[in-house]
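Chain nomenclature is as follows: A, B, C and D, assigned in order of appearance, with residue numbering initiated at 1 for each chain independently.
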Amino acid sequence: MPFTYNRSVRFQDTDAAGVVYFANILGICHEAYEESLEAAGIDLKAFFSNPSVAFPIVHANVDFFRPIFCGDKLLISLIPQKLGEEKFEIAYEISLAYVIVAKAITRHICIDVSSRIKQELPSEIVNWLENNRRDTEEAERRKAREIM
Amino acid sequence: MPFTYNRSVRFQDTDAAGVVYFANILGICHEAYEESLEAAGIDLKAFFSNPSVAFPIVHANVDFFRPIFCGDKLLISLIPQKLGEEKFEIAYEISLAYVIVAKAITRHICIDVSSRIKQELPSEIVNWLENNRRDTEEAERRKAREIM
Amino acid sequence: MPFTYNRSVRFQDTDAAGVVYFANILGICHEAYEESLEAAGIDLKAFFSNPSVAFPIVHANVDFFRPIFCGDKLLISLIPQKLGEEKFEIAYEISLAYVIVAKAITRHICIDVSSRIKQELPSEIVNWLENNRRDTEEAERRKAREIM
Amino acid sequence: MPFTYNRSVRFQDTDAAGVVYFANILGICHEAYEESLEAAGIDLKAFFSNPSVAFPIVHANVDFFRPIFCGDKLLISLIPQKLGEEKFEIAYEISLAYVIVAKAITRHICIDVSSRIKQELPSEIVNWLENNRRDTEEAERRKAREIM
């Protein structure tokens, strides 16, 4: 099964139009990424605060299918994918009561923080990518069998 | 027992100093308030999105005792108190591994949204105030007995 | 000339990695959109707070070319384009000392707020789109002549 | 004259109640502080990103007198004051068309970042405090003379 993260929409996420401010959905997706890293045993403080290796986002996109309101109980599912030796991307599906309300992607590169030069993904991230990938593929195979 | 809310510190909560941006702690406290209202059966969408009665914050304050980092597992406890027919305040204690790292207060008035004139607290909020108050007092009495 | 907006990067825009949090660049682009609407004589309070017609974002994307730091003086240039009777998009270029550091797009539909049904773009937005388009095309023609 | 900072209220600053989300006013005050430091010749990137000395906020409070809407043109005036060898505070007045809509205070201590131990305020901050103080006192004396 892909990794999933439950998130209630907060008053702070909304704007004067009464729905979630568009850019905040990307922040909610990043929370799902953080939860997924932590579930894989990665220490978030070391990973995000003053590390020697970092994974800045070089591209992000998001599509909205329905308005999202304060109090809505979102489920974010996350599927990461390796894109090369120095790059990966994460696809997110944001759903509400089994209906997809938004989809997003973040693309990350691996850099040495002091030089800001690209470098190979370290083993803890390669493992995280492989484990999440395998879980997702197994879930898809299972689903395909159920359909047959 | 006072109402409590568990909250992981997110990358988005931090700033370039490597710790939580000060104003974000007040946003985290407001999340605890939202969770507490929902636990009392209040519908957050109706309460916060385009209601006829609202509870704007007229005062807030926060004290910081220790730096708070990405990944920290905060526990926010919340004690609300009625301050008159049209007003209440909420005291928050933010702790990390049983150590208090910050304290905050928000003070709210009740207004009619269209006229923005003050009005009496509605029964659902009066009940929420009383129930949270009673739970807290009972916990304090219990604690006092344990000490004796 | 395309509409431009000057924006200093704030401490609050940054995260523990020491650079701008990725989703905040989209918020900065939205500020440029607000400034551009206001420059066209549109009243922002009426436009954004409780209007009968709204322009929710249905798609956004952003590409980052360089890290952006606290105190950086960004220049955001904005080119909107009509995409049909009910839709428009805005392309943003974010530059720092004449170097493009990021690019973004937001795509908007026009809806009736109470029914949330799509409707034709109102004349004030059609005018805003045409004026910004013409200014940009003139600037491009001028630039092309200078090159020849 | 006290240092002043002009700030339009952005859509992102608002929430589903149609007004500025309370904690965001403190963020706007911090922007005024950043502008004031920069006006004194302090390099914001060096000051806020990975410095050896930092000025974390240990207390903040804010009072709201009127609702603040998207598009409102705020004027924030800022009066800093030294509170000892290792501490200062800043008082902010937020006004709209000459009417005060909110007031806030942030209290800062000076620390060595690696040890997080308190230390004396460095000369650039002492100078900034003295210059802002003197400008404010002169303005107050001038105002007093005008009244007499």
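Note that a residue touches a chain if its C-beta (ideal position, glycine included) is under 8 Å from a C-beta of that chain, and two chains touch if they have at least 3 such contacts.
Because the structure is a prediction, the values reported are computed rather than measured.
**Student:** What's the farthest chain from subunit A if centres are computed as the mean of the Cα atoms?
**Tutor:** So the chain farthest away from subunit A turns out to be D.
**Student:** In terms of C-beta pairs in contact, which of C-D and A-D ranks higher?
**Tutor:** C-D
**Student:** Return the distance between the CA-based centres of subunit B and subunit D, expressed in whole Å.
**Tutor:** 25
**Student:** How big is the gap, in whole Å, between where the Cα atoms of subunit A centre and where those of subunit D centre?
**Tutor:** The separation of the two C-alpha centroids amounts to 36 Å.
**Student:** If you average the CA atoms of subunit C and of subunit D, how many Å lie between those two points?
**Tutor:** Those two chain centres are 29 Å apart.
**Student:** Specify, in ascending order, the residues of subunit C that touch 2 or more different other chains.
**Tutor:** Those would be 11-12, 14-19, 21, 23, 27, 30, 48-50, 69-70.
**Student:** Select the category (line, ring, star, complete, other) that matches the graph of chains linked by touching.
**Tutor:** complete
**Student:** List the residues on subunit A that touch subunit B in their complex, please.
**Tutor:** Going by the criterion above, the answer is residues 8, 10-12, 14, 18, 27, 30-31, 34-35, 38, 43-45, 47-50, 69-72.
**Student:** Give every residue of subunit A touching subunit C within the complex, in rising order.
**Tutor:** Within the complex, subunit A touches subunit C at residues 15-17, 19, 21-24, 26-27, 30, 48-50, 54, 56-64, 67, 106, 113, 116.
**Student:** Inside the complex, what are the residues of subunit B that reach subunit C?
**Tutor:** 11-12, 14-19, 21, 23, 50, 69-70
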